[in-house]
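Each chain gets a letter, A, B, C and D, in the order it is written, and its residues are counted from 1.
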């Protein structure tokens, strides 16, 4: 960046909004993080009847202020990028749109409803800002371990799933409607509750045979919890090797965000970064 | 396989039904997987009274179609193999028979009953088809770790079992019928529920002494869950070595299914594979 | 053992009762295991009112037969050992006595009572017989890992204990009697139930602040369960080294039972084994 | 320490109260430990109505005796240290003050109240005395593993937190007030209860869709418990290296307590230790 002042305003805007390497970029991210968290708190509090009744007007005004901030941010994101479609139809582009629009729709449909709760999706936006956490180096290493563990854990969960179906069917036959095992899907639900050691207790076996079988299911669940733990432990130990260091630059041409520290050209479209 | 067209039809059929190395074999497995899953879903939905009342006729027809498909498959499996007995009395042969016959029996006994639920055993058939998952390499490695962990986990579960019997007897003496600890088997059931950290809450101690002892049981359960996990972790790390690669060929003479990739003769009966 | 027939009958009896290296010794252990398990099943079933009412006479007779068998065994153990006191006041000697005497005492006090349940202690006798499991090699390795983990797990449980006391006091102040947190010991009990992820649900917070604090307690419990698991995993990996092989010989002089395979003299008193 | 008798009484007092290397110092710590534990037991028992009604006078007298002991100890600690402020405003100085003062305040406000429960903070004082546990070497190693695991576990808990918010919002929309999911914060609380596998059962889904989603949440919680465990396991294995050995000396000038064994001067203020 030899002459940052020579950059056109669009490029500057792109740097501030999409990246976090400059002071302005970091400041933008911190403000946005604050607004997102505030908006989530309001969504939560609005759902509590007593609180909503009392502070309805404060929530109403704050909500509109936040929505307008998000709308401006959304428009700026579209303007500042060279290829707007790459943003609009990206995962975060859709999240940004879907989490902003419900407030406008309430003008036409009104009242507390499903639309308002959709705004909780705003929380997903936090992840984009938290690309900063990459610098911690921890999340990455954890992610590598989890990615390698995924196929094994999938096989494990598949086996667990089949166990619950068979055990659920048996419990339905043994307990019947007396203990609340009214049908097979409900019995399977109970098996999942039991095997994962959650145990709500809203459904529980009452016949001696049912309790005997339940004991086996519980001990199985207690024993096999070891499997995913063992997998992750082993994978995590292997994930100790150095990971390549990514920075927060985003290509202004194609919106690609994963660039190795020190990259001069986008590895995706070949255009210059920070031109 | 120089001249596949020269093979007699029985051998072709065997390849399609028992193996998954050819296109037709894979297609057969995928269709069968779909039918099995569909049949399981119907067994489940039939057990829900409201749904069964409304869609009874659809379920009835689908069930018979599925049963006839399974019957044909069962007969083809017997015909295509050189030694039918090796199939009929094998684990999967019995599963195939037991999970198909209940529908026919309802012609004589009728109504929703235990027989129908037996059909849930069809789920076990999924495992045969999923020998495909072997290619993932994951299930095998997991299986090795679990096989090596088994004797240790058995010793562990035996110790857990003795702890629950002694703790159950003590709780029965301390709590008596007030807290629901009516007899020793019930108290042991409660101990298992507690030690595995499931905790339904249908039975719970109410005397101070009972709660004090229960606290010890819970902390014990919380502490010793570490044991199987530690075992599986250690074994899984060791299971990292390469496993020999099996394919899905099945010997047409003796029905043996574990053949190393590249085998020309059955390691069990010495006859040629794919002759 | 050049001339086994030349041994005096006391030594032979000692070999049969205390050891499991000869056919007779193994047979004795298997029979004893069967009788112990049978006696435990009867203790359990007697505590179930309906079953006891119906089969009272069968239980009564069987119980007396078992008690007489145990009495004979107890006397034989005292006779066959050179130093009876070393047996009588050993851990298993006391267990043997305490688990046999209650049946005789019921002659004077009668009825179903605490005395009868004491017989459940007979289960502890199983451990003596199961010294056979040593040959599995697994229990030993597990025991080594657990012995090394003990001081660390003790430190961990101590920290957990202090957390529950402080969290319990806070919950008592926050929730009071409304949610069932009547006093501090009860709140601590609830904390243990929650931290160990058992969660009976007989006591549960109902105020927003109480639930907020409860969330922290639960997440703490969920997070720190990792600690003992990590310890055991690491210790278990280290316990991989070969353990010296013990056999089941017991010194007829001093009753010492841990002898390395191939020992000719007792490492404790220096007398000859199997003389 | 060539001439311990030549030391002024203040230094001796400092050694006894703040350190545990001399016989007197160890005796002081053991007595203090006993008094602290006794005071905690009284705080607990006082909160139980029945017990408090019966033994009120004993508790009252004991409480005042303990408070006066703590007061004397507090004054001695201030006198014996060269720089009293470094003690008074340290973590333990504040704990000592806050856990002693409530008894005096009850003279003016009276009765059982929040003030009395504050005394439970006395338990935190135990940690200071238990610097003795350092000698076990275990707590240190555990602490190192936990310190290294902290950032990773923080990232993990942050992800868990976001999952609970989104899942909580979805459950609120799906279940509504029927199943007790009255508002979003309550649904989030339920999600935490479920994800950590505690499962009180005071709130539980009752609609089929709600139960289906709950099943996913439970399996997720069951699966991801592996993550912190894997992290701690790996870190604990690495923490095996030798830690520098600390002793229990405390600098009489600046109250710094972490001194390597064999240190002659305080590494913090440069003054001589044990002068």
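The rule is short, and it goes like this: contacts are C-beta pairs under 8 Å (C-beta built on N, C-alpha and C of every residue); 3 or more make two chains touch, one makes a residue touch a chain.
Labels paired with UniProt names: A, B, C, D = Ion transporter.
What you see is a predicted model, and the numbers here were worked out from it, not measured in a lab.
Engineer: Interface overlap for chain A (Ion transporter) and chain D (Ion transporter), more than half of numbers shared or less than half: same or different?
Structural biologist: Looking at both copies, the contact residues mostly diverge.
Engineer: Would you kindly say which chain has the C-alpha centre located farthest from the C-alpha centre of chain A (Ion transporter)?
Structural biologist: Looking at centroid distances, C is the chain farthest away.
Engineer: Since chain A (Ion transporter) and chain B (Ion transporter) share one sequence, what rotation angle in degrees maps the C-alpha trace of one onto the other, as a multiple of 5?
Structural biologist: 90
Engineer: How many Å are there between the centre of chain B (Ion transporter) and the centre of chain C (Ion transporter), using C-alpha atoms for each centre?
Structural biologist: Once rounded, the distance between the two centres reads 33 Å.
Engineer: Express in whole angstrom the distance between the two chain centres, defined as the mean CA positions of chain A (Ion transporter) and chain C (Ion transporter).
Structural biologist: Distance between chain centres, rounded to whole Å: 47 Å.
Engineer: Return the residues of chain D (Ion transporter) touching two or more other chains; collapse runs of consecutive numbers into ranges.
Structural biologist: 185, 197-201, 221, 225, 229-231, 233-234, 237
Engineer: If you look only at chain C (Ion transporter), which of its residues touch chain A (Ion transporter) in the complex?
Structural biologist: 197-201, 229, 233
Engineer: Flag every residue of chain C (Ion transporter) that touches chain B (Ion transporter) in the complex, lowest number first.
Structural biologist: 40, 43-45, 47-49, 114, 117, 120-121, 123-124, 126-127, 133, 136, 138-139, 141-142, 145-146, 149, 153, 157, 160, 185-186, 189, 192-193, 195-202, 221, 225, 228-237, 240
Engineer: Once bound in the complex, which stretches of chain C (Ion transporter) touch chain D (Ion transporter)?
Structural biologist: Its residues touching chain D (Ion transporter) are 151-152, 155-156, 162, 165-166, 169, 172-173, 182-185, 188, 194, 197-201, 204, 208, 211-212, 214-215, 218-219, 221-223, 225-227, 229-231, 233-234, 237.
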